[in-house]
Each structure stands twice: as structure tokens, then as C-alpha cells.
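In what follows, structures are represented as C-alpha cells.
You will see two complexes here that share subunit A, one where it goes with subunit B and one where it goes with subunit C.
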Partner chain A sequence: MSNAIDRKTALHVGKLARLELTDAQADASAKHLASILSYVDQLAEVEVPEDIEPFFGATESVNAVRDDEVRPSMDRETILRNAPDSDGEFYRVPPVFG
Partner chain B sequence: MNTNTQISAADREAVTAAEVTTIIGLEVHVQLQTKSKLFCGCSTLFGQEPNTQTCPVCTGMPGSLPVLNKQALKLSIKTGLALNCEIAKHTKWDRKNYFYPDLPKGYQISQLDQPICGVGYLDISDSDGAFEPKRVEIERAHLEEDAGKSSHDESGRGGKSKIDLNRTGTPLLEIVTRPDMRSAAEAKAFLQSLKMILTYIEVSDCNMQEGSLRCDGNINLHINVGGQKIATPIVEIKNMNSFRAAERALDYEVKRQLAEWKETGGTIEGAPKRTFGWDDQAEVTIAQREKEEAADYRYFPDPDLIAVVTTDEQIDAIREEIGTLPSRLRNDLVREHQLSEYDANVLVNQGRGVVDYFLSVAKTCDNSKLAINWVNQEVLRHLNETNSAIDQYPIGSDGMGDLLKRITDGDLDQTRGKDVLSAMMEDSIDAAAAIEKLGIRQVDSSELDSLCQQLLDANPKVVAQVQEGKVKALGALVGQARKINPNVNPGTLQANLRKMLGVDG
Partner chain C sequence: MASSIECLLSLVNQNKMEISKLSASQIVSHIAAGELTATDCTQHFLNEIERKDPTLNSYLHVAKESAIETAQQIDARRSAGESLGALAGLPVAVKDGICTKGIRTTAASKMLENFVPPFDATIVQKLTDADAIVIGKTNLDEFAMGSSTENSAFGATKNPWNTDCVPGGSSGGSAACVGADLAPVSIGSDTGGSIRQPAAFCGVTGLKPTYGRVSRFGLIAFASSLDQIGPFTRTAQDAALTMNVIGGHCERDSTSAREDLPDFSSKLDQSLSGVRIGICKEHFESGLPDDIRKSMDESISVLKSLGATTVEISLPHSKYGIAAYYVIASSEASGNLARYDGVRYTMRFEADNLNKMYGLTRTEGFGDEVRRRIMLGTYALSSGYYDAYYVKASKVRRLIKNDYTKAFESCDVILGPTAPSTAFKFGEHTTDPLTMYLADIFTVTANLAGLPGISIPCGFSDGMPIGLQLQGKSFDEATLLQIAHQFQQQTDWHSRRPQA
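== the complex of A and B ==
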């Protein structure tokens, strides 16, 4: 399987991740992405019998659930300390439209 | 190029409403009535101080792990069963990736290919016959977490936006219909019917002001032009924040799409879905800014969460809790309590609490007709005037049943009954005490005879009219009689007067 990634794809992926890439950075990212995909491609070499059901996680256990009970939230001052900007009540972010 | 461009402007202009079919599908987000959020223990209470109901899980802090709220899962299954959906035995969680400031993790936990509820349906009809009864198919319903709330600077000076994450992680069930609705009226009926079911089975309060029920509509037109069938581009309308708004937005969009097609001839081929918002003030749909990049959510299974397996026994146990759904309940009320369709509708529309109240009152007084009149009039008027719910109504169903039993038994007439009800509410007393307080007692026959004689003596004109055959003239004496003795029963009084004047029967 070929994992050639062109500059356009790299720029698209960058945009989705809100990264502004120069053409040089995009080319470099394309190379890195291709090598990562090749690495993961090793999985394709494993022969999987046809009757094996798809498997979505790293464990076979199911149904980790909790009761519907309210636990104390973190106090606002502490949690807002993670924010680059806040007014003590709200997070403040650059203007968003729509 | 497609062939549709060959339709001339003149041919387009000539198209009449009869050649146009409206196609509507809905996506409804319902906030489930849980105490805590979908994947953490933060409260879901509405209207609290901003950012006081968050924790490392719902703000997406590294190293935090989500754990599923089993009540949210149960309410989703309950909804699915009420909507005749297949319930998935095996569901999993997927990440829907996008960037927005009110989505702190950079992804929403949702369900892509194994939604908890599969195909189902909801039957709708209109009591005024605006459309034929029909079945709207449900495509799926999946469980996901809500985002936070942004407020933007409206001054135009480009000030910063403010984010409140209290709502982030609140459980939402997204119900997606097939494009089965053919008019805005059908879409509105679907929403009303859905809301009633959801409130009956107590999965959501469906409060639209608080955003507990949010609705987006997908709409386009199929147009028949001289045997050629074309479709207009699909538009998704957001922000339809009331049923009335939904109906008006969809109605408006039908007209707008037809006018746009007549002008440009643009069809669905090669036209991406556009997003419009509904402006309730201006009463127009407005195109929202097109995203430069097509939506690319890069869904993948969430590695932090494991699958959920549901057994038949669990599903059956939830089914047991559903109770009678509104449509079935309406039929039962008509059949078993001889209510009119109209009365049954009014009652059922008030919700399960009022229906239960009626059933209890009707049982106590053994008079469904009297019970429905009093519940649909006296009780509902009070609830409307005080904007309160049935469980806040001062007279319990036992007390109301007792009062109506006395009316049924002829101890009280309805007018005096209403006086008794007022006294019961004013002084928080039962019917017996209110009757005592008002000095109501049965008027015996000698008392009645002397009262009648007094009335006849004082009203020679009425007596003359009656003797000329105008028996109805006696009605004028009821008011006078009540002034003299408020306990007198109008029916008994008139019967006695007729007897004394020899015009009985």
C-alpha cells in the first residue's frame, strides 16, 4: 500500500487542526504523516479470519457505567485558572461569529 | 451538465403549487432528564452561575476519564421503545472532531455507526384535518454530549466572546427522522406529538426556552415540470426555537426555495447543503456563512470508553415502565369514559398528571361527564391563571371527587358546587366543612312551597306569561329565588313552580 501524501492533503489536515503551515512545513508534515501511516500499515499484514467480529477498543470488557448521582464540581476559580483569558465568570475567547 | 438547465425561465415561471412537493426531515435534540452529566458527576441544573458546574472530565483536561451515566442510557432506550425503534444490543462511542470554543475537548462524544436506537416510527394526525394521518419514520436516535454556551459581543466592536461550560457534557438524544413530512403543518404535528410522548414517559421536560428540545429541519422541493422531476438544493434550517417558529420557518422556506428556483433554475445537482437560520423577528430564513472547508469530522471510536451491551431482560424491564402512551390514552378515555374526542384531546394534552387527576376524580364521584367538565374547565382555568402544574392545585383528586359526588347525588347543584369549591380553596377545608361554612342545606318541601308561593305572588306578569304558554318565563324567577334562599336548587324550584301553576310536563 502506498502512503504518499501530497502537500494539499497535508495543508487540509493542518487546517482541520487549526495549524497554519507554510509550504515547507506542509511538505515536511506530508513526509511524517506518510511514515506514520506506513508504520500503522504493518497491521494490514496480520491475517484475520473472516468470521472475526470487528473490535473497537483495547479491552473486551463492556458496560462500565455509573449511577446518576451529582458529585461536587470543581470550584470556578480553580478551573478558570486553566484558561488563557477569563473575566472570573466566563472564559474569554477571540470573537466568534455564527 | 445535467439536463435540468434546459428548463426555460418561462417554463419555471408557469409551475403551480400543484406541481410542487415539499420534502421535510427533522433532527431533534432532546436533553435527557438526568441529575448529572453524561460522562461526569457535574449537575445538569439549568440557570446556575456560569462555569460552576464543570470538572476536569467535562472541560477535557488531560488524564481525565469519562464514565457513562446509566440513567442516560436507560432514558434513551425508553425513548426508543416509545418511538417503536429497534434497540441496539451493542453500542459504542465515537469522537466527532471539530474546533469550536464551546467544545473544550475539541471533539464531541457521540455515536456514529452503532446508535442506541435504530429504525422506528411515530404516527401523526391533525384534529382539524389539515393533513391525512400518516406515519413518519425515525431513522435513528443516538446519545451524545451537549456543548457549552457562547455569548458574542453584539456591539459590532469585535469584543471577545464569552464561554460558559455548565451545559457541556449534558446528555442529548438526537432523534433523526426520514424525510417523510410533506408540509410545515406535518412537521409541527410531529414535534408536538414527539414532545407529548417524551414528557409522558418522563425522559425530558422538553422546555424549549431552556433548550431542552431543539429542532433543525432539512427541507427541499420536488418539482414536476412538464414530466421532468427536479429537486431544489437542500437547506438545513437551524434555530427553530419554538413549534410556531418551526412551522413558520419551514413555510417561509418553501416559498423562498420556489422563488429562488424560478429565478435561477438552480437544482440539487452539485449544490452542497446550505445552512440557514430562522430570524423570528424578521420572519425570514437567512443564509449562514458557508464554511470554507466541507465538514470533515474524522469520527473514530473513543478509546476512553468501552462498548455497552444491553440484554433483552433489561429492555423488557424498561418497556414495563413506559405506561400508556398519549394516543392510546385518548382512545381509552373515549371508549371507557365516554369522553368526546375534543375533551379527551384537551385532557391528554395537559400531560399525564392531569389525566391521572381526572381518572381519580371520575372514579370517586362515579360520573365521568361531570368530572371531565370540572377538570377541563374549573381546574384547567385555575392552572392557566396561576401558571401552575396539577401537583400544585390546592384541591386533591379525593377532595374534588368528594365534591362532585355530592353534586352527582343531588345534594348540591353545580352553581352552589362552585361556591363550595371556592370556599374549599380559600380556607383549605374539605367539601363537608365548606358546605357547613356556607350554610348550605337541603331545602325541604314545605319551605320550597312557601318560597314558590312568595315568588308567584310577587310576579303576576310572569304568572300571566306562563299561563299563556310561555313556560320558559319561569327562568326569570331563579335569580330572585336564590336571593331569598341561596340553597334552592334551580331545577327543583322550576319543577315545583310548574306543578303549582298546573303546567307540569
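== the complex of A and C ==
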């Protein structure tokens, strides 16, 4: 893999991750990404037999779902106590098109 | 008169000394027998925290009032003849990445500085149902990302054996508080070594159970397929006692296992005769410091003298463990941390439109290492790179798991060092994050494969503790605890204490 990570790439990845990076932060991120990716690239040298499936979860048991019963959940007021801003009923956020 | 006061003071001091020396199992039995009150015990640890923790910073929050109040209730219930839970009166410290109802839970991040969970994690509920007392919340690397606690937004924790050294991480506060006798038991979480490596650095016992053995409900997620909660204790016996309470299926964690919960204490006293210990040759290749190698050899001799046999095994793909781990853990983290967007979790950086608010909140709220990992994970999952990084790493993960399956055909457990060094100095690995990542080289593979591992003290190098790691078969924590307990009957490394 190519590890040519520049400021532009870092800013793009930052945008995908909803991080608002300054140019200095983007440069630092680019440097780190390039360094870790050049280490991680050793994965390319591993020969994986055709029949090996990726292992995405540390358990292979089937996910357990409980019965779909209606139960009381936490009340709105308790949940909204951690909100940075709310109108008492909903979360309040700045305009989408500001 | 003066002499009688002195006599009384000396009795009080003696009492304090004794509580510090007691294991969790002993504390529980003394309280049950009425020889020690939960209130005195809790007060003792609160006093010790007040005395030592300004230097160590192992706690982010000490739950003084609620701990004493709970202790008094337990004493009253005992006096009234009520039956009490399995951990009645035992103070337990909980990593601050685990939710506690009504007690601020920060994950050592500015992002959650003021977050007060409206619910208890399942393990906290189980501990309190067993009448244990949550004494406080311990420091960690922000969102459990790190190996030294230097990434905490609220200052690093210091190693009780040498305050110039890190306690390890990410559960560094949980390890240091048990190592310094500021709690008899603490709870941590382990994603790539975050229980075992700090346990090794602080000279305590730390168990990472099998993935799914302990509910993750209420654990602030870092990498959901790797995260697992487990205990820090002074002894393997105490770890078994704690596991009996915190383990088991949880209907709120769909990945929690339905396997029956054994009595983890039941095998402790069984002989090691016939137990086959795998020695992984890759763990002993070049670069392992002589003192650590020597401690491993001595520990193997102890276990052989107890009847165990050894067999050389190989985990050929383990050298790719760190590379696979950083791709997988960071990828999962980039998704898990998407929820911190300035809308629901207390912190917001005000801006005039929504996208700007998201971006500024996340950039201001997360520390450098957390941002680095979100960036890496986002990159690894992004279009054009997903197959080369995330899928490839997940295939290598399968090969690592298969290596273990093969190795366990000829052995019951795998023995090796927990970490490639003893506790390092502050700042030693902060300039190059990659060198910090390598601190987890012997521990990450158990997380990738979902297997249990334990670290126990087995020696010292220049005054700093060395950790011995035992990795086991899926859901076979009982054998790890048995071997650790038998080892601790023959050695006293686990009873050594740092100078006050």
C-alpha cells in the first residue's frame, strides 16, 4: 500500500470522521497515519489461504436476542439531564444550514 | 494517661496495618464474622486514599459519602441478622470507563467531564447486589486508549513502586490503587492488554476473562469485539471470588455468553499434576530483557516442582498481532466514538451550524491519541482501503485464533511474560505512539482470539515488578486461576508491597 499521506488526505479523513482539524493538526495526523500505516503494511506480507474467512467478532455464538416485550424505559427528563441543550422535550441543536 | 492514649493509638494503627494486609477474601470473612465492620474497613481505605492518592492520582473520583453510607447500611443489616451478599462490605474501585448511576463517569475524557450516567453497568449492579461498596472511580487512558494512563485528560497516574514510572494502562488507576493498598479489589477493562499489562507493572493480579464471560453493558465502548471487563486483586483467590460475582450472561449484552458460570474458586486447591504448560517460543525471542527471561525460567521451575509439565508451542502469526489489532481496534473505535457529537453527552462547542458544531466539539473534546485512532480507523474503513486493511486484518485475526486452537491441542495454558519490559518512565514513549503500541505485544493476541489471560507477579527488575502471563482456553478461567493460586502458595511476589 502507498503511505503517501499528505495534509489533504488527513483533512479528508478528518472530514469523514467529523473532526475539524487545523492545518497543524492535519500535518501531525498525516505524519502519524503514515508511520502507523507503514507498520501495519506488514499485514500485506501474510499469506492467507483461500479458505480463511475474516474473523470479525471474538465470539462465534449467534447473537442472543431477548423476547420482544414492552417494558418501561428511562424517562425523558433523566436522559435529557446530560444534554448540552434541550427544550425539555427534545435535544436542541444549531441550524443544519447556518 | 499519655501511655494509655499511646497504647490506644498503637492499637488503632495496628488495626489499620492489618486491614492493609488482608486479602479481599479475608476482609469478606472478617466482616461476615463480625470481627471487622464494613464502616471501619471503608473508612480505612478512604483514609489511605486521602493520604497517598494526592501523589498517585489513581482515583478520578472518590465516592466518600455514598461509600460510608452503604457501609453503615450493611453493618446495620448484619446486626439485624439479615443475610448479606457474597462480597458484603468489600470496597471495590471501578474504572471510570464503566458507568455508575449518579456517579460522574468520564472515561478520562474532556468529552465526558460532566457526564453522570442514569444507569449502572451490569457489573456495578452485580457488585452492589452482592453488597460490595463502590469506593471510587479510577483513572485510565482516555477512552481506554493507551498503555500508560498518560493519555488521561485529568493527569497521569503514578506507579506506586516508583512515581517516576507509569502504572501501565489503560486501566492504570485500577492497577495502581490495588498495588498501593488503596482498594482491596478494583475493576478494569482489557481491549489489548489493559488489565494484564498494568497488573504486571504494578505488581498485582489481573484477569482478562474470555470474551463474553462478563457483561459489557455499561462499559463505555472502545472496540466492541475486543473489550472485556475483569478484576484486579492481590491474589488469584480474590480474583476467583470477584469473578463469581461479576461473571455470567446478561440480557442487555447480546454478545455475553450463555455458558454456565462455574464456581471459579472450586479448582484453586487442585494439584497441578498433569497440567500441561505451553511455552510459546515466539515470546522468548531476542529483545526480552534478561531479568524478565530469568523470572520466567524460575516461575517455570516452580510450576514444574508442583507437578506441571511443559511443552514448546508456536503461535507463528502472533508477530502480526499488533498490526491487526491497531487496524481492528481503531476501526471499531471510529464507529463507537461517533456518538460523541455534542448533542447527547454534556459537552458541546458552540457553532453557528450543525456540522461545524460536530467537528469543533469532537476536535476539542477528544485528546490527541483518541483523535489519532479515530483517524486511523476512519482511514482503514474508507472506500478503497477497507479490503486491504480491515478485511485483511480480520483474516490475520482468524489465523491468530487458529494458531491458538492448534497450540491448545498439546497444552492447557500458555505461559510467557505479560509485557516486554517492566514499567517505563513517563514520557519515554509519548513522542512515537508506535513504540507505545508495542507494550501490548504479548497481550493483544488473546483479545483478538477472545481468550482469557491472567497476569501475576513473578519477580522484580531494578525494584519494579515483573508480570507472568498465563493464557487459557475459551471459558477456562478456572484453570488459569488454579495455576496462579498454586504459584502464589509457593511464592511471595504477590505479597510484596511498595514502600509507603
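The rule is simple: the second predicted complex is superposed on the first by the 82 of 98 C-alpha atoms of A that agree within 3 Å, B and C clash if a C-alpha of one lies under 4 Å from a C-alpha of the other, contacts with A are read in each partner's own complex, and residues count from 1 in each chain.
Everything that follows uses one rule, which is that contacts are C-beta pairs under 8 Å (C-beta built on N, C-alpha and C of every residue); 3 or more make two chains touch, one makes a residue touch a chain.
All figures in this text were calculated on a predicted structure; none of them were measured in a lab.
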Partner with the higher number of touched subunit A residues, subunit C or subunit B:
C
Counting only touches as set out at the top, which of subunit B and subunit C does A:71 meet: first, second, both, neither?
first
Quick check for you: in the superposed arrangement, does A:79 touch first (subunit B), second (subunit C), both or neither?
both
Return first, second, both or neither, reflecting whether A:44 touches subunit B, subunit C, both chains, or no partner chain.
second
Return first, second, both or neither, reflecting whether A:16 touches subunit B, subunit C, both chains, or no partner chain.
both
Quick one: classify A:90 as touching subunit B (first), subunit C (second), both or neither.
first
Just to be sure I follow: which residues of subunit A are touched by subunit B in one complex and then by subunit C in the other one?
16, 18, 56-59, 61, 63-66, 74, 79, 82, 85, 91, 93-98
In the complex, subunit B touches subunit A at residues 34-36, 40-43, 49-56, 59, 61, 67-73, 92, 97, 99-101, 150-153, 158-165, 288-289, 293, 296, 298, 301, 303, 305-309
Could you list, by residue number, the parts of subunit C that touch subunit A in their complex?
114-116, 118-119, 211-212, 225-226, 249, 251, 254-258, 317, 320, 322-324, 326-327, 334, 338, 341-348, 350-360, 362-363, 366, 368, 371-372, 374-376, 378-379, 382, 385, 388-389, 391-399, 401, 432-434, 437, 447-450
Within the complex, subunit C is touched by subunit A residues 1, 10, 13-14, 16-21, 25, 28-29, 32-33, 35-37, 39-40, 42-44, 46, 48, 52-59, 61, 63-66, 74, 78-79, 81-85, 91, 93-98
Subunit B partner contacts - residues on subunit A that touch it in the complex:
12, 15-16, 18, 56-59, 61-76, 79-80, 82, 85, 87, 89-98
